[in-house]
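Structures incoming, each one as structure tokens.
Two complexes come next, and they have one chain in common, chain A, joined by chain B in the first and chain C in the second.
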Partner chain A sequence: MSAPVLFVIVGKNEPLFEAEIDTHSSVGAPGQNDLSTRQNYFVLHSALDLVEKSAWTTNSMYLRVVDKVNHQQVSTFLTAANVKFMLLHGGKGEEVVKNFFNEVYGYYVKLSMNPFYKYDTPITSKAFEARVRAAARAYLS
Partner chain B sequence: VELCPISPLSFSPKQAICAMSRSSSSILDRPLGRSAGRSPDGSVVSLSAFAYVYSELVQYHQGRAASISELERRLESAGYGVGLKVLEMTAYRAKETKRETRLMSILHFVSASVWKALFGKAADSLERSIDHTDEFMIIDYEPLASTFVSVPPDLGQLSADAYVSGIIAGVLDGAGFSARVTAHSVTVEEGEYTKQGGNSMPGLPPRKDKAVFLVKFSPEVLSRDAALER
Partner chain C sequence: MSSKSQASQAGQALWSKMPKANAELFALTYGSLVTELVRDYEDPIEVNAQLDRIGHSIGVRCVDEFLSKADVAGMGMATQCQNLRDTAEVVAKIGFKMFLGIQAEVGGFSQDQRSFSIYLHDNPLSTFVELPPGDESSGGDDLSRLKYSNLYCGVIRGALEQVNLKVECNIVRDTLKGDEMNEIRVELKEVLADGAGDDYKEE
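And then the complex of A and B:
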């Protein structure tokens, strides 16, 4: 029944990781129709300006909902090195989204400890993707 | 640059550096440790292991650098990547989900938390320059990287702690406060510093030089910080 959630990790210049996660199906995300997918990406990227604006006004990492479009909300989490985790969702609770972000934050820090991972480059690890999807299913459904 | 390690010292628990262990399971499963500055099983890296690897690093770059400043730049860029990772790791281990947005707080974060995570103790002092409002100094009386390094006179002002200034620059840049960080070796005045609790490096004479890390922030960082003040 629910629309899939879109999770994107954005570095300084470009997205580092993208995943469209259908939290209600038992397999990975099936193809959604192209138009709404593109729209979702557009909404997320246009919310980046708002994230930048509020990044310097608060010193907490979890920025809550930064933008609301139609029935969808964009929640954001900022790491210490200003890497942005953004989630486009249809109104999940604050606590739920915060826990999801914290779990992904843990995976991200572990990934960045890898000497072969260069900071601010796209994340290609399959293990990371699998864990993000599992966390999304665990927390966001 | 010569290196004279005395004997393989087994390091003292105070000189802890973040250790990364190899494993056959995915790194995403290994615990990251939630106490600031320590790996989860309390293991630390030996000082002599670091000193040997560091000496190789310096010799490698010296062979490829054409000038003193190029050698310094190479050491700094070697430390930069470490700084980015140390920032994320230390912030995560500190447990609070807070980032630093103000100049003074990021400097405190560097001189206290990052120093503890890397060297086992906080930096000895943090000062602000009187002549220039955009310059700050972090002072360490026992800089780790240059412990076993003696700089020959033809290398002039080179400080072996350029690697550490690269780490600091990486931490500051990652957090959004771009800065130019340089390391300087300054002679300690008589009576300026008395060690509490005995020599932390048993078997070695007390250090005659302290390391001063000069941090010069870019203008946009200062103007942003001033705007936040209001």
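And then the complex of A and C:
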């Protein structure tokens, strides 16, 4: 039973979207206890500095694994406008994570075309969340 | 009666001759217009009224273009519509097709033949649009009363006004609110007398 993955979208000042996705159950995971959830968020956010660093080393959008903590890895994808998609996972393959990020990027672009969505604000669309969870289940399980 | 397919063919032919614009640009421009209006007026009902007004100005100009192009193409549309049913067909099959490239359908004729509905399966104005979920906490306006495509109502009203038909239009079903298709209800209020006003009446 693999641990849930944590997917966060970080804008310039604040997180825009967070989802804890359990790829093996049919609903979004309330299974984990609060402590490890909080720890996961902490790990993810502390990896932000490393994201900045590795952004300079490559000119592709996918930054692969930027940080490794215990048995977990943080992979990042940087959009053209410096919005960071970060995934905390327990060692998924790089290709797999890259495909997941590309799919979510597509949904993110469609979302930003919505005139009612103000750029760099928290994402409240239920449709977007459903799509991200579906993509996670499709690519990451 | 092959008038229905005649109308469709006419619509298709006219559409192919019209200059085209990028659909995404069109949708994004309209989206910015609506969000600006929402920011300025706040109240969704007021925004609907503004969209209707803007649509009215557009419709008044569209109908001239339509009549001139249809005549030139010799579609035989120079012959007048005999009744409201013909008008409805012309608006939906030729008008919507020519200006937007979409196939609209008519139906829902009332008993007294004074109102009808236009059904749109795809709405090019609302590509990518999702109405934001209502926030109970924020003092924000509830956009569920916003009629995003109210422009169409204004356009139809303006266009038919120029040909002496005073109508009232409403959007009754909207895909943005969860319905399967968009429906615009058009009701004929009165047929205006052809007139240039009292000043020009001969003594």
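Here, the second predicted complex is superposed on the first by the 140 of 141 C-alpha atoms of A that agree within 3 Å, B and C clash if a C-alpha of one lies under 4 Å from a C-alpha of the other, contacts with A are read in each partner's own complex, and residues count from 1 in each chain.
Simple rule for what comes next: contacts are C-beta pairs under 8 Å (C-beta built on N, C-alpha and C of every residue); 3 or more make two chains touch, one makes a residue touch a chain.
A quick note: this is a predicted structure, and the numbers were derived from the prediction, not measured.
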Would you check which partner chain A:113 touches, where first means chain B only, second means chain C only, and both and neither mean what they say?
both
Going by the contact rule stated at the top, is it chain B or chain C that touches a larger number of residues on chain A?
B
State whether A:13 touches chain B only (first), chain C only (second), both chains, or neither.
neither
Examine A:124 and indicate which partner it touches, taking first as chain B and second as chain C; both and neither are also allowed.
second
Is A:59 in contact with chain B, with chain C, with both, or with neither (first, second, both, neither)?
first
Thinking of the overlay built on chain A, is A:70 touched by chain B (first), by chain C (second), by both, or by neither?
neither
Just to be sure I follow: which residues of chain A are touched by chain B in one complex and then by chain C in the other one?
110-111, 113-115, 125, 127
In their shared complex, at which residues does chain A touch chain B?
55-62, 78-82, 102, 105-115, 118-119, 125, 127-128, 131
Can you name the residues of chain B that touch chain A in the complex?
20, 26-28, 30, 32, 81, 84-85, 87-92, 97-102, 105, 174-176, 224, 228
What residues on chain C touch chain A, complex-wise?
24, 28, 31-32, 34-35, 127-133, 143
Where on chain A is chain C touching in the complex?
110-111, 113-117, 124-127
